[in-house]
Amino acid sequence: MDLDTLLSFKWSVMAPEFIILGVATLLSLIDLFMKKESSRKPLAWLAGAGVLAALVAIFMQLDLEVTSILYDTYRLDSFSKAFKILLLLGTLLVLVLAASYKKEDIEENRGEFYYLLLSALLGAMMMASSADLITLFVGLELLSLSSYIMAGLERRNKRSNESAFKYVVSGGIATAITLFGISYVFGLTGETNLFMIAQNMQEPELLKHGFLLMFAFIIMFAGLTFKIAAAPLHMWAPDVYEGAPVPVTAFLSVVSKTAGFVILLRVIIITFIAAPGINSDNILLQVQPYIMALAAATMIIGNVTALRQRNIKRMFAYSSIAQAGYILVPFVSNSSLLFELIWFYLLAYLFMNIGAFTIIQILTAQEKSNDISIFRGLFKRSPWLAVPMTFFLLSLAGIPVTAGFVGKFGIFMGALGLEPAHYWLAAVMMATTLVSYLYYFNVIAVMFFRDGEGAKVSVPSGMAAILAFCAVSTIVLGVMPDLALDFFYGNFDINEFFMNIEAVDTHTH
Amino acid sequence: MLQMSWLIPLFPLLSFILLLLFRKSKSESTAWIGVLLTGLSLVMSVGVCLAVWQGEGIKTEGTWFQIGERAITMGFEVNPLNALMLVIVSLVSFLVHLYSKGYMHGDERFGVFFAYLGLFSFAMLGLVLSPNLLQLYMFWELVGLGSFLLIGFYYFKPEAKAAAKKAFVMTRIGDVGLFIGMVLLFWQVGSFEYDEIFATVKNGDISDGMLTLTALCIFVGAVGKSGQLPLHTWLPDAMEGPTPVSALIHAATMVAAGVYLVAAMYPLFQASEAALTVVAVVGGLTAIFAASIGLMQKDIKRVLAYSTVSQLGYMMLALGASGYVAGIFHLTTHAFFKALLFLAAGSVIHAVHTQNIEEMGGLWKKLRLTGPLFLIGALAISGVPLLSGFFSKDEILASTYADGKYGLFWLAVIAAFMTAFYMFRLFFLVFTGEARQEKKDGQKDVHESPSVMTFPMIVLGVLAVVAGYLNTTWFGTFLSDYLARGPVELPHGDHHGPVWIPLVATLASLLGIGLAYLIYQRGTLSRDWITRSFPGLSDVIYNKWYIDEGYDQTVVKGTTGLSKLGALFDRYVVEGLVTAVTTGVQRLGRIGSRLQNGQVQSYGTAAIFGIVILLLIVALTGGYFS
Amino acid sequence: MSSVPLAAYLMLALILFCIGLFGALTKRNAVIVLISIELMLNAVNINLVAFAKYSINPGMTGQIFSLFTITVAAAEAAVGLAILIALYRNRQTVNVDEMDTMKR
Amino acid sequence: MNTWLLSILIFSPLLGVLVLMFIPSHDEKSIKWLGVLGTLFPLGIALVVLSAFNIAEEGLQLAERFSWISYEVFQSKGEVKYPIFYEVGVNGLSMVLILLTAVVSVLAAIASFSIKQNWKSYFILFFLLEMGMLGVFAAQNLFLFFIFFEITLIPMFFLIGRWGYLEREKAAYSFLIYNGVGSAILLIVFVALFMKTGTMNFEQLAYTLSLPQAELNQLFITKGFKMGMLIALLIAFAVKLPVFPLHSWMVRVHVQAPPAIVMIHSGILLKIGAYGVIVFGAGMFPEQFKSLAFIIGLFGVINLLYGAFLALTQTDVKRVLAYSSVSHMGIVLIGLAAVNESGMTGAVFQVVSHGLISALLFFLVGALYDRAGSSELSAFGGVAKRMPILAGIFLAGGLASLGLPGMSGFISEFMAFLGLFEKMPVLAAVGTLGLILTAVYVLRAVLAITFGAEKDLHKADDLSSSERIPAFVLLAAILFIGIYPAWLSDMLRPTLDAILLGLGG
């Protein structure tokens, strides 16, 4: 293609990505020229400003219709907007969290943390707004590579190194597996554009290769479960979460997970929506039992193993595995509620999890320990930490008047919505939720029922802001979920997700 | 007058409430509240009774609450039967109030005692006035409550506590029977009203089996309250209560409620021959059985208690032998002379501070009034001619004979003989001979009771003599004529069987008295010749046929055992299941965390393993290899 | 002249992938583990290129895809080695099975 | 005003929370009094609601309905809205239970004076609990019901686990988990019904489910589905009620929780189970409910006897009362199983009367515990001597719970059994055995404490004036219902008749 075709594209729709990219580069340059001992606080604010700007940009794009650049390698539709908002919001909170991070050893290399965070974010955003396997893959890798480094950011900290290395290795294997699956999908359709793939899936030629497609699907799916830390590729999570610095853990458990679900939705739903499986009946129906099994396994493993954890970060790692399992449930019965349910749950999850991690960071930083006992008598020592923490835990446990409950409720609607309703999956989810009560309420019990020694906890203003924000949103979304839902229905039309505008005409204007 | 008869029970209730409020006040003049109010209701009930004597009864009802369409009603009814009962109850109650004024003198819970008396009288009068089964049942239970409270009046005594509990539970067993019968009847009749029930029964809308069943269930209730076999064991123990209570509740009124119930539901029983027979047999057996125990008791009140049981047996026998009038008649006379006996016994105990008859003796001279009155009572109950007991007992025997229940007839005669014997054994041991009780120092000399106590006894003494003439073959059968105007149409054909029956009865009682005289007065026969001649039998009798022990061994032990078993079940099975589940989950968790061994490569292996399994399943289910 | 069937390439790639996987999961030396992962990625590349030539509608896409893959793989190796060095500085070891301070 | 009345009632306890926020947590006196005032306020509003409530009128009253949440679902039929409303309202049944809640809460608040520490957080949770209970009974759709249902769980967890006796945490956990199981099942059932019918409103649901089978099949509602839903519901509420063998948590809670909380718990929270069975079980799945009647009755009798038998030999008066609660809940089931006016009425009467009686008894036990520092029967004796009033009321309460006529317990037992005798006489006859056992264990416990030789307690003064208020009020209420049941039955009849109409009973 020639230059003017290239220029003919509406590059402005990529504004958010450009902003992030620009800020990231800028940060790296500034960091380069900054004196070694001078504080990197300004970088944090700059980064924050950048994310905020990107967020604004997206809100300005809300009423834009579907736009695509370079044959869907970049694609702006409701789906990408909706989920990019989550990604940016999450990153913003993580930034604030990191800005008030106290530990000294991270001090020296704070700088790169910020632009690594941004580059990771950029990768995630690409995953959200691309409909081409290649760009999706690149985005995924950009996210992964940045997060590998972030996990190992505390160079002097053995655990940090170890977690980083484990992350790299498991990540590498996962990538390989995913790619292997992708390569077959590509091979069978000869396309990397998702919509084209979906079209070619209809080819009679393909009916012969039902099995191969099935295998490809499962391999790819399994590979992608790595990012969302679901079975079978979940085991890295506890170790990495434990070793990595808290802000990074928060990032992994929220933003990176969200990105994982985004790519899952994109690839699986668009590509296989009408794909023939074995004996050429719909593949998505055929794989249901397998996804079910994975979801169930994830929920069970996550919740049951979390029972045994004394280390709060590990416990949250398992809890986040379990949560991934919950979110997988709507996949099984791919009801039309799929998107808003997952979106809402991820939104709720964002608030409650980052909130919880904020408090965890405050306490771990003060007590120099990750043991649950750091919560002893928190209610006595500083009720203004204990009460929000209780909200977050209740929300994670899915107790009403918290966002978590509405999310779970939605997931149930997803599971029981269509015929045949998946009662036993719902039952497993409910049972594991009960198990989760045990460890969530254990923390609550430690906070309220035990007498705490240890000093009053001091809360940096930034973190206080996050806490307030997260707690309020957790409750508000629990009481008035329509705030979020109406926003979703009002601004996002999910049909755009399936709209293949390339097919209509490649170059508008 | 009649319209106001609903007030009768309310006076005692009022006294109950007032006395509870004045509980604190130390002065014993509060007793007058009770006396006064019961006196009022006595006056009214006499008035009512007379009114019914001349004219008709009355029935007034209002809806209490509604279940769907059906209205549950409450109200009051006055008919000859319960008018009579009203008089008896309120009279005895009044007298006992009076008596207690003296007897309970100096008790720290003086006021409370009268309050309880008031509560009981309220319940009893209400029971009598009830126009339907449900209301009767409710008061039935309240009566039980009153008795429970009064038996347990000396709450600090373990025996009293036990006795009260026993009384409540035993009667409760009967009550449940009554409850079932009542409810069954309701679904047959669609109402609790007596008259509707009787109407349905008359129309024969109820199957015979159901009739018998309901009748028997109701009779179970009567058995419980009236201490018939096999639920009689509570009544003797109930003597732990203060003596006036025994006189009021466990002689004259409440225990007679069972008899009253059968009488009130008589048409139902009449409709089922089987039921009547059961009533008769139970009554007869109880009569002789209790009498036999009475022979050897050492506690003055227990002797009287067993005699009560036996007399109640008589009444049941009468009703069972379709001697309706005879039953009511004996109820009336018994109320008087048994109350008299108890009050007299009370005054004896009041005097000598013991209940063991073997420690008494020679009181005739010391208790100038009590002695003769007790004698009257004894003569009356023994059925010596011209006293009330004679006529009523004669009626019973006659009707039994006329009903062709000869076996029961002879049982009754023997019981009569025994009655006479143990009553006079009692009399002689207590009043004649030498004082066997060595006087403890610091104990004031034995003296006659104050007039508040003797006056009621005198009244009752008079009644015990004259009450018999209510219904006699010679002067006229006022009572039966009067009762004939009730809802129950009396079995026709005159019950006055052969002439020799009164003679036999008289003979039996005289024999009994004579024997007692020979043994306990003259000493011609040594006292323990029975014990010596039939050691085994006498031992069994002395231990009340080991009934209590039997119950303890079987029912009580069984229940507690079952309960203990249940506790174990709860602990190990119910709880066990839960713990099993929880530990299972914990195990799972341990396994999960064991897999998490920190080796990144084993993580990878696990992942690959999982994927391969999935693929294999796909291959197999999809029939890839086939 | 190239009459080698697609299946052969795929089989080669599969074998290569499995070898890589085996190495990645069994070797004690961290460097070899990283290299094995490279092997797996290269197996994918073979797939891509083979498909690019022989799939139902041949084209350049596969080869472009493989270029991206190669680049990413290189980056991944770089990052991996960097982290490994940091780890080595702290632990004086490159044995994977000694990196298990965090478990359970 | 009337349009908002119910919502004001439901959320009125929050006022107390708000005020408490500004009270220094060490200021014991004012906190406690605020606690009482904070519960009196809802009571006042509840009375206003009662006055606004027309007893004769059938159906829902004071209803409110606001749009709340709406999911848009694209289905083969096109876009379907799945709206969830905020809907509250009262009928006779819920009115009665709301009153009960308001009253018992006030008394429990007074009883809470015996709480030793952290009064502020205690009362805040207390108010939240009351809000939850009021909401449960006022809610008119499944979602709202479930939310309030869960809201009651959390404060209870804290109240038990923080202010209870020695094994409080174990009790708190078993409370949480058991009820968690219950609510988990509920949630599944509710969502399933929601997704099938597209509505959560009680009346609409009842209507939809009563459609002819042909139309239901288009909604994928088969008979099997209905039966499954009903059984699930029954199990869920059986946990709450509780029904054997799911009762052990309740015993533990009754033993471990602070008296005031047990008053609330056994007084009201257990009743949510009965309420649920009536409204959802009998109200929405009539035919299935009728076909299960025998099993329900059977479980009722089992509960009645099992509880009674276990209560016989308990050595701790709290355990005795706990098992007696199990036993009395059996009577509720018996009444429901009868599926006729008297049965249903009896069941509801039992709900109310047991609420009052057990509240009274547990309150007194709390008072005794304060005096003896123990609740073992062996620790007491001859209490009647030094504390005649306490002993008297305790005896009265005991008699009420063994169903003495003239007290509320009798009416309910009577009607429940009356009902069952019509349908299943034999079962009922077996059940009556429970009446005897009840008498035995109640008297055993009561007499062991009040009668007999006096044992010395470290504090042997009679009920203080602040303790007398709850005792007398409850006793008065018990007597009132026992003597004048028409007041209650009239209020209930329209509602129950409506349900029975559905049951065709």
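Lettered A, B, C and D in written order, each chain numbered from 1.
Note that in this section contacts are C-beta pairs under 8 Å (C-beta built on N, C-alpha and C of every residue); 3 or more make two chains touch, one makes a residue touch a chain.
Keep in mind it's a predicted model, so treat the numbers as computed, not measured.
Shared contacts of chain B and chain C, meaning chains that touch the two of them, come down to A. For the pairs A-C and A-B, the count of C-beta pairs in contact is higher at A-C. The most distant chain from chain D, with centres taken as the mean of CA atoms, is C. The mean-CA centres of chain A and chain C are about 25 angstrom from one another, to the nearest whole unit. Spacing of chain A relative to chain B, judged by their CA centroids, is 79 angstrom. A straight line joining the Cα centres of chain B and chain D is 38 Å long.
The distance from the centre of chain A to the centre of chain D, with each centre set as the mean of the Cα atoms, comes to 43 Å. Residue positions of chain A touching 2 or more other chains: 165-166, 169, 173, 177, 238-239, 308-309.
Looking at chain B, residues 593, 596, 598, 600-601, 604 sit in touch with two or more other chains. For chain D, no residue reaches two or more other chains under the stated contact definition. All chain pairs in contact, by the document's touch criterion: A-B, A-C, A-D, B-C, B-D. The touching residues of chain A, when paired with chain D in their complex, are 335-337, 340, 379, 394, 399-401, 405-406, 409-410, 412-413, 416-417, 419, 421, 423, 426-427, 430-431, 433-434, 437-438, 441, 445, 448-449, 480-482, 485, 489. For chain C in complex with chain B, the touching residues are 21, 24-26, 33, 96-97, 99-104. Partner chain A is touched in their complex by these residues of chain B: 585-586, 588-590, 592-593, 595-596, 598, 600-601, 603-604, 606-607, 609-611, 614-615, 617-619, 622, 624. Within the complex formed with chain A, the chain C residues making contact are 13, 17, 20-21, 24, 30, 33-34, 37, 40-41, 43-44, 47-48, 50-51, 55-59, 61-62, 64-65, 68-69, 72, 75-76, 79-80, 82-84, 86-87, 89-91, 96, 99, 101-104. Touching chain B in their complex are the following residues of chain A: 165-166, 169-170, 173-174, 177, 210-211, 214-215, 218-219, 222, 231-233, 235-236, 238-239, 278, 290, 293-294, 300-301, 304-309, 435.
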